[in-house]
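Report on the following structure.
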Amino acid sequence: MKQYLKNTFDGIYTVLVGMKITFKHLFTPAVTIQYPDVKVKLPDRVRNRLYVNMDDCIGCDQCSRACPVSCIEIETVKSIPGEDLGITSNGKKKALWVTKFNIDIAKCCYCQLCVFPCPTECIYMTDVYEFAEYERSNFLYKFATLTDEESAQKKINYEKFQAEKAAAAAKPKPETPAQTENKSE
Amino acid sequence: MKNPEEIFELLKNEFGDTILGLDKDTPTESIILVDSMNINKIGAFLRNNNDLKFDSLMVLSGVDDTNGTKVKDEDGTDMISGGTLSVYYHLHSTNLKHKITLKVSTPRENPQVESTYNVWRTSDWHEREAYDMFGIIFLNHPDLRRILMPYDWEAGYPLRKDYKNPEFYKGMKVPY
Amino acid sequence: MYQFLYDLIGNEILAGLLVAVVPLTIILVFALFGIWLERKVSAHMQDRLGPMRTGWHGWLQTVADLMKMLQKEDIIATDADKTLYNIAPVLVFSGSFAAYAVIPFSSKLLGSEVEIGIFYVLAISSLVVAGILMAGWSANNKYSLLGAMRAVAQIISYEIPTALIVLSMVMLMGTLSLDKISQMQTSSFWNWNIFGGAVFGLSKFLLIPFMFIAALILFISTLAEVNRVPFDIPEAESELVAGYFTEYCGMKWGMFMLAEYGNMFAVSAIIVILFFGGYQSPIGYFGNSIGVQWLVPFEQGFWFIAKGLTLVFVQMWLRWTLPRLRVDQLMTVCWKYLIPYAFLNLIIIGIISLL
Amino acid sequence: MGLLDKEFSDGNIVIARVDDLMNWARLSSIWQLGFGLACCAIEMMATSASHYDFDRFGVIPRNTPRQADAIIISGTVTLKMATRIKRLYEQMPDPKYIISMGSCANCGGPYWEHGYHVLKGIDRVIPVDVYVPGCPPRPEALLEGLLKLQEKIRNESLRKKIA
Amino acid sequence: MALKTETMVLNMGPQHPSTHGVLRLELEIEGELILSVKPHIGYLHRCFEKHAEAMTYPQVIPYTDRLDYLAAMGNNFGYVIAVEKLLGIQIPERVEYIRIIMAELQRIASHLVAIATNGADIGALTPFLYLFRDREYILSLFEMTCGARMLYNYMWIGGLSHDIHPDFVRKTKEFIIHFRPTIIELNNLLTFNKIFIERTANIGILPIDTAINFGASGPVLRGSGLPFDVRREDPYSIYNRFDFEIPTGKGLVGTVGDCWDRYYVRVLEMEQSLRIIEQAIDNIPEGDVHSAIPKRIKPPKGTVYARVENPRGELGYFIISDGNLNPFRVKVRAPSFVNLEVMGELCKGHLVADVIAILGSLDIVLGEIDR
């Protein structure tokens, strides 16, 4: 009999305690961030969309080797000696034309393993998180700055230079090494 | 609290030749090699002997140690024939606080291992998973069927090193 | 009201129809408002904001839900029992709508002054059980069947404590008609039944604790009849996916929701009439004091709806605090706790009313 | 099938008004099917929690496919699960939408290369309306995906499209 | 002549509101009574072990995050300790302290979700939202230091990916002060609520010997009364420097080892984690977190098995390396995989509603069950 009354009292008492708490929360201000109108400023190390600053990229392929998901594809063409490709921000001389630099952001798992090995810190993660799409093909970001015919042109130059060098090397050995020396600076 | 050498001695004089050897060259833990057909008896002994008391099987993992010969398949991919599949048992005693690792290897063609279902109940799903991933048949296991892969998956055992993806499964293209 | 309309139009079928339309609009408007209120109350109790984007603070949200449900395709499972499947929502809604016939919103706005008011309400509200059973059985879905079985057991067994409490109140009041019960609790809140009724004397003070217990038991058992938490086991979403209306989609499911909210208000109206003085205002009528006689019925309507809404708010408040009971615990609460207390209460009130 | 598939003559003023009203009703009360697959499901629960509040957009989790308008595919779709999702999609009444949330649902994500049991993207089984990238996407990214879906519904129309 | 009754097979399918993800339970029920429960898993099998064989050692870490996606720090911790044991490298003090703080914060966040979903399964929706609101606080701490909310790739082999944020210490202290009263509020609202006690006490009782025989670990084993905790049994990292108790089930409300005990052990463990964080947060030594990270990770031939106390139980990594860049075989001993086996044992003779309560108290995560 005592247990019977204790159960009834327990039942009613704990229900009232619970109701007191929820009633108190009725008047505490809501913590909701009203997303479309109020956009919270994200901390500075946040990892969302990848961005590559192409004029710093020397095409060293470190990031695509470090990516566990292999969603970065890079194709480069060697530059022929005479061409000037500009200097990266930290003073490293660029020697490769980057004809193709595609990141398939749909595959990316945002693990930031590609950012650390990059010698010129040209690939980093921005805090942009609003890039939903209607089509999946729009997720393939092409960062390469060379247009198609320019890269084709670079390829042809390089093959021509290669053929010249092979022909020059096939000619008599003694007097050609001096010339090729200064040509390749 | 016993270290692996004492346990190996104890097992050696208990079971004689079915304990094949003690492999100590691995940097971190030494492994006792055991014959695959009476792992059940050895397990029961390890659990009930009161100065060993290995009452909990931490993990049972199948491994495809690719020591067979490379053979060209009809469409050019290399298959492994011969060699062994092995199963590692990591045991731990909750009150005597010591750990031991057993290793059992079986031929790759028809891999058969005695099930330790009645010794440690946790080996039920672990063995089903080893069967699902490597094709190791566990004798007198209550219901040995696939656990992670779909029950009607005929394209072989996925975690073997020479596993190839099927082209289609129920009308869905599998490879990317 | 029927008489008033009959004099106005002359044709009694049309007047009858018009009398039925008024509670229907009240239910529809209340259902729209109730669903919105539930979502806002639950949101603010959980420190969030609830619907915000459809109109100011989302007041158009339920209108949007209603119109969206109208556009949904109506799937009927191939081997579902077609006739029962379609009748069930109608039966459930008519069960809860019929109870409004006798509920006096104010002295003027009253469906029909039927002499056996409270008895009629108990009878009609068990029609809902048949509807739920039909819904659960005809959908040919295991979860709906389980939900329907639970609903039948729950609603029927909770009718007994409701009937006992109503019996004890009718014993005190002496009349079955809801209108008369409200009229007997006149003028200030001190004469409400919860405080021992209108007759001044020793029995009034003795009655007060037992009236509180009676009100509590009636509130709990009517909660179970309306399938509200902690008794919402028939449509327990965490166990039975969605209970007996798992297979219903679009407007048919809307009918179930309408019926649930209609029931909620009907049940809280019964408690208000029996214990909190029906449409009587707690502090006297403003219309009387300034001599405007025709204002009084509107004030009575206002007070009745205000009390009804506070009780509906308490039902929602309970929903967002308590976990759900299991089926057999539900039965023990009813048979081992509510019914013995109700009997005890009945006997004690009987003795006191003899004094 | 639903109201959407009937063709009406083009350029009718009344249709325009009813169009907006119908679209507004459909987009401001999208009821999502409350089921999640993997890590993105936890982020979806965080979105319906107090900080980001899905209920603000009129989105309530409904458990049966019969009463749901949208499925948010939140997590990795494996081959064993793909047949189930296809059946769920068919159970839903007609005006229904799919949000593919996270890299795994978009194209197999981190498991696209060696995942022998992973379906490479849910659009191989059901038609997807909005792809939300991220692994897992932030709750705000999911809300932005929902807004994009609402935009898409806003421009739907009962009129027959003149090609 | 007894009435010929037929048992009904109810399929709590991969899409069910309270199966914590994609788990199918095949219940054989008679009326409401349960005769047998057969869990079917594999709906989220993401081939982790195949990936681990194809990736280099540091590239496997993002995949370990996705095993038990509610306790990603714990998974990293386990994998990283296993590889460091294989390599035999020495870790700076600062890294050890930060790893412990992150692991304990992750334990609180994971227990919050466990308690929230357990309460929501039994019908109490409001605590679910209160606890998720507190969890957002911890997620913002993680996001401040390593940039991600749930899957961090934070603990690297030999160090950490980022050093802690300058005002991480202040924010963590604020969190501790804010969090203590919410535990008391949770206890008033849910733990000692009569209906919650009615639904969870004396249900799914797991005696100690079956628990050990089934290899259960974590709150499931401790709920049955055995104070077995890997942080105390074979202490890894520097857990032996902190003093904290191991809460076990005492049967305050029902018998020892029932659902309520497993639930209450998690609530008490959150207190203990707060204590550990308080002891560790003030004396984080100075140092560089990147110093001990080896440039090329090629561990010697051999096997290693390392155990870590994850919020769900004992998480073990068995790594076989054959001396080149990719691990030869990585086997994960997932605690939920082992804890779920007990389900068949626990549910006999209970009602359908109890299956949900028992499943909620086991607190399983499908990511690590199906790997």
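In this document, chain identifiers A, B, C, D and E correspond to the written order of the chains, with residue numbering beginning at 1 in each.
Simple rule for what comes next: a residue touches a chain if its C-beta (ideal position, glycine included) is under 8 Å from a C-beta of that chain, and two chains touch if they have at least 3 such contacts.
None of these values were measured; they are calculated from a predicted model.
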Graph distance between subunit A and subunit C, where chains that touch are linked: 1
Where subunit B and subunit C overlap in contact partners, by chain label: D, E
Longest centre-to-centre distance from subunit A, chain (CA-based): C
Most centrally placed chain, judged by C-alpha centres: E
Most distant chain from subunit B by Cα centroid: C
Of B-D and B-E, whichever chain pair has more C-beta contact pairs: B-E
Inter-chain centre distance, subunit A versus subunit D - centres from mean C-alpha coordinates, in Å: 27
Gap in Å, rounded to a whole number, between the CA centres of subunit D and subunit C: 37
Distance from subunit E to subunit D - Cα centre to Cα centre, in angstrom: 31
Centroid distance [mean C-alpha coordinates] between subunit E and subunit C, Å: 45
Per-residue multi-chain contacts in subunit D, two or more chains: 49-51, 53, 56, 63, 80, 107-108, 110, 112-113, 116-117, 135, 138
Multi-partner residues of subunit A (at least 2 other chains): 7, 15, 18, 21-22, 25, 30-32, 34, 68, 109-110
Multi-partner residues of subunit E (each touching 2 or more other chains): 16-17, 42, 45, 47, 50, 62-63, 126, 129-130, 133, 151, 189-190, 193, 195, 370
Pairs of chains, among all present, that meet the touch criterion: A-C, A-D, A-E, B-D, B-E, C-D, C-E, D-E
Contacting residues of subunit D [partner subunit B, same complex]: 79-80, 82-83, 107-108, 112-113, 116-117, 119-120, 124-125
Complex contacts: residues of subunit C adjacent to subunit A: 41, 43-49, 52, 317-318, 320-322, 337, 341
Sites on subunit C touched by subunit E in the complex: 42, 45-48, 142-143, 146, 229-230, 232-233, 236-241, 320-329
List of subunit A residues in touch with subunit D within their complex: 30-36, 39-40, 48-49, 68-70, 104-110, 129-136, 139
Footprint of subunit A on subunit E - complex, ascending: 55, 58-63, 65, 126, 130, 133, 140, 143-148, 151, 153, 161-162, 165, 185, 188-190, 192-195
